[in-house]
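Next come two complexes built around subunit A: one with subunit B, the other with subunit C.
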Partner chain A sequence: MSMIECRGLTKVFGGTKALNNFTCEINENTITGLIGRNGAGKTTLLKIIAGYHQQTSGEIKVFSEEPFNNLTVSANMIFVHDQLNLPTALNLQEILDVMAGFYKNWDRELAHRLFDYFSFHPMQYYNGLSKGMKSTFNMILGLAARTPLTIFDEPTTGMDAAVRKDFYRALLKDYIAYPRTIILSSHHLDEIEDLLEDILVVKQGQELLHMPIAELREYAIGLEGKNALVKEWTKDREIIFSKNGAFDQSYVVVRNDFSESELYQAELAGIEILPVSSSDVCVYLTSKTKGGIDDVFNKG
Partner chain B sequence: MSLTKVSLSEIVRQQYVYKLKAFIQVFMSLVFVQIIAILFSQGGSGMMGSGGGLIDLEVHYYSADVVVAFTMLWGFITAILITTKAYRNDDFIFVTNRISSNLSNMLFLLTASVIGGITSMMSTYLVKIIIALFKGDHFINSSAASAPSVGLFFGICATILYIFLFCSLGYLVGTVVQLSRVFAFALPVVFVGGLFFDGMRGQAGIIESLFTFFFMENSFVLFIFKILFTVCLSFSAAFILSNRMEVKP
Partner chain C sequence: MTLHLDGTKPIYIQISEWLENEILDGNFESDQKIYSQYQLADIFNINPATAAKGLNILAEEQILYKKRGLGMFVESNAKDLILSKRKNQTLKRLVQEIVMEAQRLNVSKQELIEMINAIKLGEERE
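The block that comes next holds the complex of A and B.
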């Protein structure tokens, strides 16, 4: 069953299209990673799902209902982002109590244990926390709310490496115990890769890829060797990325539609076949030009 | 995971309880405003003097009018304050839609008006005590004001309604300003400019007739209707205007 359905979703902000005819479907009880470059429209998409923004055109259904101004969607969804501004007059313990009042599935026990683990003090105020501590506290809110739809928009901003690891582990453990639909947007695909089931890549307001993460690992391969040789082997193939190195060497990433024997022959011809990590694939796919930053500096 | 169903009234109740706790600063500022107003009241609200021969007579009137006026202003500003992003966006972390958020704001403002109304009327006694202790050579207390009476009760009701009226106007102004920043400049210009314009023409304009409409009403029942009608009008306008408003950081 699909939890979220978007069809032809478009959102215009002052003349620019943050989302451009966006169509996707997110299934119930999956962890989906939302990947895209800065300004690709990730946050806009999440805000429309959360009912914060209203789409300019197109259709969106969350739990088969329109999310904008919808109490049911609001009660069954929590949207954690790094600009969360929590009431300044309440201390952390009071904020947790208020959350418990609003969210029916709120897990006091879990919230309390995480609160202690990350050594928060109940009398602290949210505004007095550091950036990383704020993110950590937001994460507690997101996990303990146990809403059928949980959205984390760049949840690890400012967290140190240890806390990030803890967060991913906590998320996975809680997801296994209480399966629900989780959307996780992040810049660090290599970190969350093991956590995700599906991946949704957004580029310039449109869906670029939406597939199980396992498929993405096989999506592309890299060929490295002499210029002419590589050129010949990648002819008529979908080139994702190419880079010319020194000494007549070049490195080209292409869509992996080679057969076993073809790969074998390529290796015999003197081309090195390299696997491409999914986070690299995403970087290559979402970059605007084929050559990357090098092209800016290579004038000739 | 199954969906939970919530009702609007339940959420409004939750939000109201939450707001009483979270907007506590509003009541701190009420205390502050009223203390200042009580100090200002020591100047007296009227004075009459006459003399002849050996007798020199001066009568000073003292009242809590200044406190009530300040509290109305406080209501207006409080209402604007809770329409600002910092307060409005707080609701969206919890369960809400625009209607429930507006309704709980209205209930909160009503509560604030009741508290503001009662405290400002009660401050009359504080003003009197201060005068009696520190100022007056002879303190003449009118019989009507000497003990709590029906008059005091009506006074409190009227004050509450006035403050609530200002809250509702402030809420509408705040909402309009949230729609477009232009109004933050345009509204004061129209209001103050209107006052000046009337002054230059030398005749009663719309602002003065509005003042007469609300503050010079002799019939209490008619007064209640006038206020409630205006309050309903400005809150519904604010509700309709904010119902399509997006949440922006």
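The block that comes next holds the complex of A and C.
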């Protein structure tokens, strides 16, 4: 069953389309990774799902309802991002107590255990926390609220490597115990990909890819070898990325529609076949030019 | 066991191979219940859907069987199935790679066989 349905969603901010005819469905009780470059429209999409913004045109349903100004959606959803407006007059303990009143599934014990584990002090104030500690505290709110729809927009900003690891582990463990729909936006696909069931890639306000993460790993393949040879093997195929190396060598990434025997023959011909990681595929697919940053420096 | 998360192999394949090794090593007897997708997700820190995919591969290959509502269990001939599959697929592919590398290096068939024998002999001496 789908938890979120968007059809032809468009959001205009001052003449630019942050979302442009965006269509997608997110299934219930999945962890979906939302991936895209800066300014691709990720946060706009999440804000519309959360009911913070109203779309310019198109349709959106969350829990089968329009999310904007909707009580059902706000009671069953938590949207964690790095500009949470938490009361400055309350200390951290009081914030946790207030949150418990807002969310009916709030897990006091989990909140408390995480609070202690990450060495927070009940009398601290949110505004006095460092960037990484703020993110960690937000994460506690997001997990303990245990809402049927949980959205994390770049939750790991400022967290150190150990805390990020702990966060991913905590998220997974709590998801296993209490399955729910989770959307996780991140720039570090390599860090989160094992947690994900589905991946949604956004480019210029549109859905570029939406598939099980397992399929993305086999989506593309890299061929490396002599220019002419690689050219021959990649002609008539969808080229995702290409780079010319030294000594007449080139590296080309294409859609992986080769059969096993074709790959074998290519290897016999002297081409090296390389796997392409999910995060590289996303970088290649979401970049504007096929050669990447190197094109800027190649004047001739 | 650690998964090669950035390796060539999809994670669900690595999960199914790990389970096969567990069965080969005798950690699971026939008709014994194997790990659930949630246990695997917890062990390897992966999405339960990915773990389920690994289990389903083995169910399709009739190495595991499902009991509705109870989980997955090891088939009685699971060990034989795994052994013959590994021989026909994994080992064959490895041999292919060896032969290809030998061709690249101009190593003759005779030389290659001698190399294999040398490794075997070394093993026996130990």
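Methods note: the second predicted complex is superposed on the first by the 300 of 300 C-alpha atoms of A that agree within 3 Å, B and C clash if a C-alpha of one lies under 4 Å from a C-alpha of the other, contacts with A are read in each partner's own complex, and residues count from 1 in each chain.
One rule holds for everything that comes next: contacts are C-beta pairs under 8 Å (C-beta built on N, C-alpha and C of every residue); 3 or more make two chains touch, one makes a residue touch a chain.
The structure presented is a predicted model; accordingly, all values stated were derived computationally and were not measured.
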With the two complexes overlaid on their shared chain, look at subunit A and say whether subunit B and subunit C clash or fit.
fit
Applying the touch criterion given at the start, work out whether A:146 contacts subunit B, subunit C, both or neither, answering first, second, both or neither.
first
Tell me which partner A:74 touches in the superposition: subunit B (first), subunit C (second), both or neither.
first
Using the superposition on chain A described above, determine whether A:89 touches subunit B (first), subunit C (second), both, or neither.
first
Check whether A:188 is in contact with subunit B, with subunit C, with both or with neither, and answer first, second, both or neither.
neither
What angle, in steps of 10 degrees, lies at subunit A between subunit B and subunit C when each chain is taken as its C-alpha centre?
150
By residue count, is subunit A touched more by subunit B or by subunit C?
B
Does the superposition put A:105 against subunit B (first), subunit C (second), both, or neither?
first
Touching A:121 in the superposition: subunit B (first), subunit C (second), both, neither?
neither
A:217 in the overlay: touching subunit B, subunit C, both, or neither? Say first, second, both or neither.
second
Where does A:7 make contact in the superposed view: on subunit B (first), on subunit C (second), on both, or on neither?
neither
Check the superposed model and tell me the shortest C-alpha distance between subunit B and subunit C, rounded to whole Å.
17
Can you give me the overlap between the subunit B contact set and the subunit C contact set on subunit A?
none
Quick check on the complex: what are the subunit C residues that touch subunit A?
5-8, 10-12, 38, 41-42, 44-50, 53, 96, 100
Quick check on the complex: what are the subunit B residues that touch subunit A?
1-6, 8, 11, 14, 17-18, 21-25, 86, 89-90, 92-100, 243-244, 246-249
Subunit B-touching residues of subunit A, taken from the complex the two chains share
29, 47, 51-54, 63, 69-72, 74-76, 79, 83-90, 94, 98-99, 101-105, 141, 146-148, 178-180
Could you pull out which subunit A residues touch subunit C in their complex?
30-31, 168-169, 172-173, 175-176, 190, 194-197, 212-214, 217-218, 264, 267-268, 275, 277
